[in-house]
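Worksheet: one structure, shown below.
Chains: A, B, C, D, E, F, G and H, in written order; residue numbering restarts at 1 for each.
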């Protein structure tokens, strides 16, 4: 099992709706709006690095209000 | 009361009009165009972190010429 | 109650010992070593922004192996 | 007259003492500890770009707890 | 002969198709999707700095799903 | 007289045309395409900080292929 | 098997000796000095994320001339 | 002939002495102190990428007050 923190930049004014849709994804165990370089931080789980890639590129990034994302894989 | 500095990137060529509209917001106590990574820095006040979020996402980011914003909350 | 994610850079080769000492702090609810720009991400709780500042500067940064830290306050 | 915002990174655990010494400098009109990439933001005034350089390199950076600084000159 | 690593940001959800088209370019010796600030890293070869510029601007950046690119020239 | 280096990010595939139009501006004394975080670096001169702002926002950023710009004012 | 690119910052003037010692590590399949934000890029292989962490923290970062490192795990 | 811009971060309070020593190097055609992320920008010339590497690592970085450097090679 692979755990990761995914940091997201959202289109101006859309942090709240993006947060709501993220929280509906099974693979997202927790998500919050934060102050700083990124707008949202989500904690996710996947079975493998490739499944993590699919989660990010096909589910999280499919929301048109999601811009840049940065994936930080948990090593320990 | 929460104070914060909000750093803004503006669309090319729009720094001056964005500055003007920012200065009309009650919650903005001061705003300037600066040289460097960001185009504008605004000093803002809000009653709570959540109100600060609304100020940034619903008022400041509602200007179509406002791109990336970064919120630095004053701790002391 | 204020929640925040604190991102840490650690001195070369010290990620594991820093992780261990972080996990002993009451205010740290969770901490992991991650791949990417930062070495460790910690989830923390404090009663106020000022207490959060003290937690970061007096407890977390007191570890000599802790270098740069970046605090991302949870807004929602 | 030149106005600028100077962003500072401070050595671990020294944000409060650095803030205190900054506030004693005449050229510093305001200074706060902030959450985010930098630790402190100071608003400064100088008679010229060169005097601004001397303020930053000879006064602000003379404090051994001051690390990286970034000067954002106010353009308007 | 000039070697370089080209780091690419891709439009949301397009990492896999961009990777496929990159791998068809003769000048690209290797390419992978990575986790972190950039989405893809490609190893390229060119006869000169100018040919490298043409490769990046006219071939790699011609894919509409390719956003920011960063070229790191191998020095040794 | 104010001197500055202006770093520019250009739309994908447009570095060469942007370079050509920059070199036609009187205030631009020199401009080159570079490898790295930015695509072009231009050396500019203006009579004041405000005129520098107008040069950047009204002339340089008026080119639709110019994205982010970062102005580094020469202090000495 | 986990593949990754590890970007390294080296102490001033030490890029060449660090490159030499990196190339002696079995887990390093390739390493080069590059121009840009980082000084060296190394391609590495490990059996698991945890072994990758040990490689970075206990072998690569044990060289006193190695400063910041950034690990980009290959996802595909 | 290879041209490049080398961006330097200097130790706190040492921008002026570093500028002076840089200007004495034959390979440095121009150097200035700037406001922003870096402290100094130098324009340099070398016969090859490898000679550029030697200039940066053995001459420029030999000054103990020189910290991080970033080399942007001119492509056109």
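By our rule, contacts are C-beta pairs under 8 Å (C-beta built on N, C-alpha and C of every residue); 3 or more make two chains touch, one makes a residue touch a chain.
Keep in mind that what you see is a predicted model, and the values were worked out from it rather than measured.
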Enumerate, in label order, the chains that touch chain B and chain H alike. D, F
Contact-richer chain pair [A-E vs D-F]: A-E
Matching interface for A-G, options C-D, B-H or D-F, criterion over half of contact pairs identical, gives D-F
Between chain A and chain B, what is the gap in Å from one C-alpha centre to the other? 25
Expressed in whole Å, how far the mean CA point of chain A lies from that of chain H is 39
What's the distance between the Cα centroids of chain F and chain G, rounded to whole Å? 35
Where chain B touches two or more other chains at once, by residue number: 4, 15-16, 33, 35-37, 49, 52-53, 70-76
All chain pairs satisfying the touch rule are A-B, A-C, A-D, A-E, A-G, B-C, B-D, B-F, B-H, C-D, C-E, C-G, D-F, D-H, E-F, E-G, E-H, F-G, F-H, G-H
If we count contacts the way the header does, which residues on chain C are in touch with chain E in the complex? 35-37
In their shared complex, at which residues does chain D touch chain B? 3-5, 15-16, 19, 32-36, 38, 41, 70-76
Of chain B, residues touching chain C in the complex: 2, 49-50, 52-53, 73-76
Touching residues (chain side chain B, partner chain A) in the complex: 4, 49, 52-53, 57-58, 61-62, 64, 66-73
Residue positions on chain C within touch of chain G in the complex are 9, 12-16, 33, 35-37
